Amino acid sequence: MPSQHIQLFVTGGTFDKEYNELTGELFFKTTHVNDMLGLGRCRLPVRVETLMMIDSLEMTDAGRQLILDHCAAATAQRIVITHGTDSMEHTAAVLGRGMLGKTIVLTGAMVPYKFGSSDGMFNLGTALAFVQTLGPGVYVAMNGRCFPWNSVHKNRELGIFESTVPNDTM
Amino acid sequence: MPSQHIQLFVTGGTFDKEYNELTGELFFKTTHVNDMLGLGRCRLPVRVETLMMIDSLEMTDAGRQLILDHCAAATAQRIVITHGTDSMEHTAAVLGRGMLGKTIVLTGAMVPYKFGSSDGMFNLGTALAFVQTLGPGVYVAMNGRCFPWNSVHKNRELGIFESTVPNDTM
Amino acid sequence: MPSQHIQLFVTGGTFDKEYNELTGELFFKTTHVNDMLGLGRCRLPVRVETLMMIDSLEMTDAGRQLILDHCAAATAQRIVITHGTDSMEHTAAVLGRGMLGKTIVLTGAMVPYKFGSSDGMFNLGTALAFVQTLGPGVYVAMNGRCFPWNSVHKNRELGIFESTVPNDTM
Amino acid sequence: MPSQHIQLFVTGGTFDKEYNELTGELFFKTTHVNDMLGLGRCRLPVRVETLMMIDSLEMTDAGRQLILDHCAAATAQRIVITHGTDSMEHTAAVLGRGMLGKTIVLTGAMVPYKFGSSDGMFNLGTALAFVQTLGPGVYVAMNGRCFPWNSVHKNRELGIFESTVPNDTM
């Protein structure tokens, strides 16, 4: 019988960016996912593990393989991955083609959690709900919606995720 | 064919409480749900309607009947209800026994949205995800979890929701 | 030679109120003044001491005498007092009539620091600046202004402090 | 008789930086100073005028001359200038050598106001208090302290402002 806990893999992305007050630049320190789960009063058995802390524009094939390997090796049947939005659909595709038979949900944020007006808390909530209720497959949870890995793309002009299926507005 | 939009009924609760700086008391003005959906960059077709703005300790049988009537009359098949946590399980039970054949998810918050460290954004995210993926029934979405209406109660000492089913920790 | 540090006495008030998520009521725990000084990157030699943690509507003659005694006994020549706004002018009057020959500035907030949109950070900044630059006397620092103790009152309808001197708008 | 209002000139700086969610970069839109004055419930007669919106690393001699010209032409005797911290001391020096006979206080922030944990509200409070109480001269208000223009420098390693006068710790 598969483990009942939810595995959450952190890979970085806007979610976790911080402001360096000495240099005035954005950077990564450690993940805020545990703080966010605490703030959300989440009582799910979530295990958080940081795989990398990078901007998703810097995500490489090797990085995606590493994520796939960790998903395959995880004892959990249900996995959430926090990821930068710029290349989320590409990582989702690698995981989708990996056909692991698990429920994997990628999510991220357009505004850093630390900058106050983040969509991160909302997205993390949707991702953890979708991962509990959807069957095996790889999904992207953004903008309140859940997209299968093979029919999602980020609209960079609007900063939102859209379905690539015609007339699919929900 | 049922309507594709999600109906969101606001009834008040901690979610929407504000601080009155002149009297130093908590009170209700108008709902923050639309702000929260905007902050979460939600792109779902959600229709928000305020049914009442009350502390759930003041929820009456007549109030619960009003909510049930609105759920029955709604053209939407999928309904989210924001509600105070203190009597959420009782309203859920009235809706559950109503057997409307719709997917109805109640959610709320332990800390007002306006007070910064709210669990409201997270809970709203989970509720909107659960309502899209679960079949007909009445559920409470709190603490990242989703409870059927007939097996949930609020643990007032800990301020969390628990299953009334033995050994059900997720 | 008088000590160079600034003494900051905490007495409670809206400044330090918190939300009790279990009861839904406002209450006092410990002061946030140290957090606020850290957030403001204050580098002044400020010594913080909590004298009481009460709503200023509950401030008694004995409480005011206690504050006066502490101001008299303090080695610092410059003293800031955080205080609820409702009776701030009365405590200021007791200190003013005490004629201690020190610079004493009372300040407070209309919205709790923990509720995000507080005027507390701004007021604390003004109080610490006024206390460094004004001569001996007792003052109220609110709304960006500084009022002598014998010409200030709180306008409860507007929630602002005003001068009791005709035509004194600044 | 000089005008009683306080002139506030905005020049940009970290104070006013925002996060561009589409590009992930920091940028300037419009100033937040009016919002901040509202949040601080400031009741002073402050007139806000934006002279430029730039990172102070980009401040030129021509820019500093423009600020000096505006200070000279202002009807107000008391002037606050929001400015990036990196070259604040250089602009202060230009204004100081200009010998305008007015009270001019420069202030800024290490963290953008919009990023939640800003020192901006505190610094703005100190600047508005110092400008009301100090005599003619040019000052830098940072870290709760007020430095004359000819004895201040920013310690870039610590991110704080220090006096260049030996043993001047307050």
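For clarity, chains are labelled A, B, C and D in written order, and residue numbers in each chain start from 1.
Definition applied: contacts are C-beta pairs under 8 Å (C-beta built on N, C-alpha and C of every residue); 3 or more make two chains touch, one makes a residue touch a chain.
Bear in mind the structure is a predicted one, so any value in this text is a computation, not a measurement.
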(request) Provide the labels of all chains in contact with chain C and in contact with chain D. (result) none
(message) Nearest whole angstrom, what separates the Cα centre of chain A from the Cα centre of chain B?
(response) 25
(request) Using mean C-alpha positions as chain centres, tell me how far chain B is from chain C in Å, no decimals. (result) 40
(message) Need the CA-centroid distance for the pair chain B / chain D, whole Å please.
(response) 46
(request) Provide the list of chain B residues touching at least two other chains, using ranges where the numbers run on. (result) 110, 117, 159
(message) On the basis of the stated criterion, which chains touch which? Give every pair.
(response) A-B, A-D, B-C, C-D
(message) Quick check: in the complex, which residue numbers of chain D touch chain A?
(response) 14, 17, 19, 21-22, 24, 26, 55, 110-112, 114-117, 156-157, 159
(message) Taking the touch rule as given, give the residues of chain D at its contact with chain C in the complex, in rising order.
(response) 4, 36-37, 39-46, 110, 117-119, 121-130, 132-134, 141-146, 159-161, 169-170
